[in-house]
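Two complexes, one shared chain (chain A), two partners (chain B, chain C).
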Partner chain A sequence: MGRKVGIEVSIAAADAAALCDVDVVAAYPITPQTHVVEHLAELVASGHLDAEFVPVESEHSAMSVCCGSVAVGARTFTATAAQGLALMAEIVYIAGSMRLPLVMFLSNRALSGPLSIWNDHSDAMMVRDCGWIQVFCEDGQEVFDAIIHAFRVGEDPQVSLPVMVNVDGFVLTHVIEPIEYWTKEMVQKYLPPFQPVSRLTPEKPVSMGAFGMPEIYLEQKMAHNVALLNSRPIIEKGWTELAELTGRKYSAVETYKVDDAETIILGMGTICSTSSLAVDKMRAEGKKVGLVKLRLWRPLPSDDLRRVLAKAKDVVVLDRAICPGGGNAPVTSEIRAIMYTEPERPRIHCMIAGIGQRDVTPDDVCAMVDMALSQSIKDYHIYGVRG
Partner chain B sequence: MAGASEKKILKPLKNFPMEEYINSGHRACQGCAEVLAVRHVLKAIGPDMILAMATGCMEIISSPYPLTSWNVPWIHVAFENAAAVASGVESGLKALRRKGRIPDKEITVLAMGGDGGTTDIGFQALSGMMERGQKVIYVCVDNEAYMNTGIQRSSSTPFGASTTTSPAGKVHPAGQMTWKKDMTAIAAAHGIPYTATACPSFYTDLIKKVQKAKEANGPAYLHILSVCPTGWRIPPEKAIQYGQLAVDTGVFPLYEVENGVWKLSRKAKALKPVTDYFKGQGRYRHLDEKLTAFIQEKVNERWERLLKLCGVELQTEDQA
Partner chain C sequence: MLEMRFHGRGGQGAVTSAELVARAAIDSGKYATAFPSFGPERRGAPVVAFARVDDQPIRLRSKIYNPDVVIVLDPSLLDIANPTEGLREDGLLIINSSHDVEAIRKRLGYKGKIAVVDASRIAKEVIGLPITNTTMVGALVKGTSLLTVEALIGPFQDRFGKIAARNIEAMKRAYAETNVNH
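For the complex of A and B:
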């Protein structure tokens, strides 16, 4: 068993990457990601981590360096947020399609403009379709475990895909939490050395990144999509073995008091902690409310979601990104889409909240549930807007 | 003079590698001297290399999935990031070698981009790579416009060239109204150990420079003038000749900067008039006497400045 320490989540995340013995870290500073890369730079400088720290001149180059280093078979880690992600977005998509299994810590932050360093999920939603495995974390322990799990799954030759670990900026990145560290032996047991499916080497020249003519592009996209969908059992296996080692069992869809729930709240990331308190409160008032925490955003666990949500009368989705001019918000739109074909389906309400880190308390969650059930809100509601 | 250089070029090169690292059958236009430059660069380095290439003609002619022209490990990610991808390759190899996970063998990391991919959109990534001191040879194959997308101007397009986005017209009689960005000097200003200009029309010089770049103790930058018959609107069989003229007229002088020391690559002979070079190139067809005189003046001025930097004096015909 590892030891438990009280530590800032960002530092723990960097330590987790270091425990995985990463070979290359390439990153550019941006709040609220800075503590992660600063700590990694420190570990490299002090000789605690034998890796190349590449202090790139932009996030675009950060992601490009990552592509190059993974392509030669080096275990690679990076971290960014909002504007950084926007700048590297072009390459994020290419890393996915080239099946380069790097791991990225994304400290979720609102996209400019106006400029905001604060937390929401608009950055992650911007690259929703990049073809990476994407998970959302609720607490520090999850972040620590998710990074080790990410290397294990992404680098699996059957998967070979990059993984994005989403961590709510400030509200999670900057808090101090009790986190159980893995020992080196645990990591070595869990995470085999990186053996890429193919690598750039003069011994056996390969070409990577060929372009797709109309007669092949579709098949290339399809192959990528199938690879992402097929990663699911490997993701599950990674969680099962993680449970055997640590006693912590993760799943794609986590539930809280849903068995007899008529109303289910659904969210991703830290808003789920807040929502669980709201559930307790509403339960105490005799309301049959439960919570679904969606951990695995991509590949979307559609069947699990259908199974859990179909029994409810109402589902209140707490979305953390605005979709200007659109019909609802990113998470709601997925949930509505996958439930549409169900013979019996709940009403699905879209509540947009916590934008640019506007505070969301348990009382706010209760209020949103009340609003959803009592008012007929058709498409979506942006909660807490003044004026 | 032309006769002399022609003779030199026709002379078979001793130890010229027979191996081909870019196969024939690629889709470059007839007479493309850019792909020739690539071919020579690769020959000069040999098989132990990894090549990161920017989007552009050389990538498009060589890699329609599932086909490839490359006999060396090759990666293409995007247009503006060849230097950054190569940085990743270099860093990855360094870490893996140190940790004993790959054989302890020198592998040359090469990055390549067109003039657009280098002097415009890839400028920042290149500067970053050089500033960080990564051991990468960066080769700019400069055909003086965005050829892959249909001959649009770049900051490396010379003054007076007509392109599809710098067309010569009544308002802008010169076509391109700005002077060619001096990328080689900018690279040298990074204080990297080796920088040079080259042209496949002078392939012994080119190969020698690539080999020097390979031995450099840090980043190296090579700026290779790559004649593009399609974009320059010249007959394909004239590509080599126009490369020679670019050098002989002083429009594109050959030189190197080794550890801060500037050195002219050829004897400092009197320049041929720029009109010799412009004649027959469709992209310069609109130039009148006034514009030509302006360009000539500027070429002379820059040539003299270069001679000064190299610490050489002009040699007269009989001295040569």
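For the complex of A and C:
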């Protein structure tokens, strides 16, 4: 077993990447991701991590360097947030379609404007369709474990896809909390050396990232989609073996007090911890409320979600991104879509909250559930707007 | 669960105080979280930091609105804001001040539990700098039954390396000199 320490989540995340013995880190510092990159730079500079740290001049370059380094077979890590992700977005899509298994720590932050450095999920939603595996973390331990799991899954030759580990900016990145570190031996047992499906080498030239003519583009997109969907058993296997090593069992969809729940709250990331307290509170009042935490955003675990949600009368989705001019919000949209074909389905309510890090307390979650059940809100409600 | 709010000025180490308390609690087998007030911070400007300590895992991720303990690292902060805002009725106010308890009570209109220590003087004498983050941790240990002085020695050594000894000394001095008044 590893040792349990009180440490800032960002520092632990960098240590997790270092424990995976990354070969290349290419990143540009941006709040609230900065501590991750700073710590990795320190580890490289002090000789504790034998890796190439590429201090790029922009996030577009960061992701480009990452693509190049994975293409030659180097284990690669990067981190960004919001505007940084926006700047690298072009290459994020390229990394996905080229099936380059790098790992990115995304310190979730609201997209500007107005300029905000604070937390919500609008950045992740901007690149929702980039074709990466995307997970959302609730606490520091999950972040640490998710990074090691990400390398293991993404680099699996059957998967060969980049992985995005979403971590709520500030609310999680800047918190000091207990985290159990893995030992080097545990990581070596869990994570085999990176053996890319194909690599750029002068000895055996290959073309990577060739353009897709109309005759082949569709098939390429289809193949990418199939690869992402087929990554699911490998993701699950990674979690099963992680449980054997650590005793911590993760799953794509996690539930809390849902067995007899008539109302289910659904969220991603740290809002789930707060919501679990709201569930306890409402249970104490005799209300049959439960919680679903969606960890795996891509590939979406539609099967598990349908199974868990179909039994409820009402589902209250806590969405952390605004979709201006849209029909609802990103997570609700998915939940409504996958439940639409079910013969019996719950009412699905869309509550948009925690935008730009407007605080969400357990009482706020209770209030949102009450509003959803008692008022006829048709498409969505943006909670907590003043004035 | 015990919730704490630390008031300081940027550079005085309020965030470090919260961090040291959380680390010591975690090392003692408890659960704890510590976090800064999220956002940009500037040297000299008022800053706050927070910590939560509990015997069970901490699920609450929202801000701290009603702390059980408020720790004021810099006496000049009393001139610009009332640090007792939101403090629970049965809470504890811990202040770095050279004034006596009654003078502080009168000034803040505060009737609750209070602990006072002249941390700036102790820090200047022991560390040679008026940086009171470690000194005020000693006052916190004295004022609450949360942690022991011994529990903080490990985190102090990890955090400060060569200068840990002086900071531990400052903490112990503050522990001895803090006047707790119910």
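Just so it is clear, the second predicted complex is superposed on the first by the 387 of 387 C-alpha atoms of A that agree within 3 Å, B and C clash if a C-alpha of one lies under 4 Å from a C-alpha of the other, contacts with A are read in each partner's own complex, and residues count from 1 in each chain.
Definition applied: a contact is a pair of C-beta atoms (placed from the backbone, for glycine too) under 8 Å apart; a residue touches a chain by one contact, two chains touch by 3 or more.
If you're wondering where the values come from, they're calculated on a predicted model, not measured in any experiment.
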{"item": "Touching partner for A:T183 - first (chain B), second (chain C), both, neither", "value": "neither"}
{"item": "Touched partner set for A:A74, first chain B, second chain C, both or neither", "value": "first"}
{"item": "Which superposed partner A:Q375 touches (first chain B, second chain C, both, neither)", "value": "neither"}
{"item": "Touching partner for A:I117 - first (chain B), second (chain C), both, neither", "value": "second"}
{"item": "Partner chain(s) touched by A:I91 [first = chain B, second = chain C, both, neither]", "value": "first"}
{"item": "Partner chain(s) touched by A:T274 [first = chain B, second = chain C, both, neither]", "value": "second"}
{"item": "Contacts of A:T240 with chain B and chain C, given as first, second, both or neither", "value": "neither"}
{"item": "Touching partner for A:G6 - first (chain B), second (chain C), both, neither", "value": "second"}
{"item": "For the chain B and chain A complex, residues of the former touching the latter", "value": "47-50, 52, 59-60, 63-68, 70-78, 80-81, 83-96, 98-99, 101-102, 107, 124-125, 127-128, 131-132"}
{"item": "Residues of chain A touching chain B in the complex", "value": "23-24, 26, 50-52, 54-58, 60-61, 64-74, 76, 90-91, 94, 98, 193, 200-202, 205-213, 216, 220"}
{"item": "Chain A to chain C touching residues, read off their complex", "value": "4-8, 31-32, 117-119, 170-172, 174-178, 270-271, 273-274, 276-277, 357, 359-362, 364"}
{"item": "Residues of chain C defined as touching chain A within the complex", "value": "18-19, 22-23, 25-27, 31-36, 38-40, 58-63, 65, 155"}
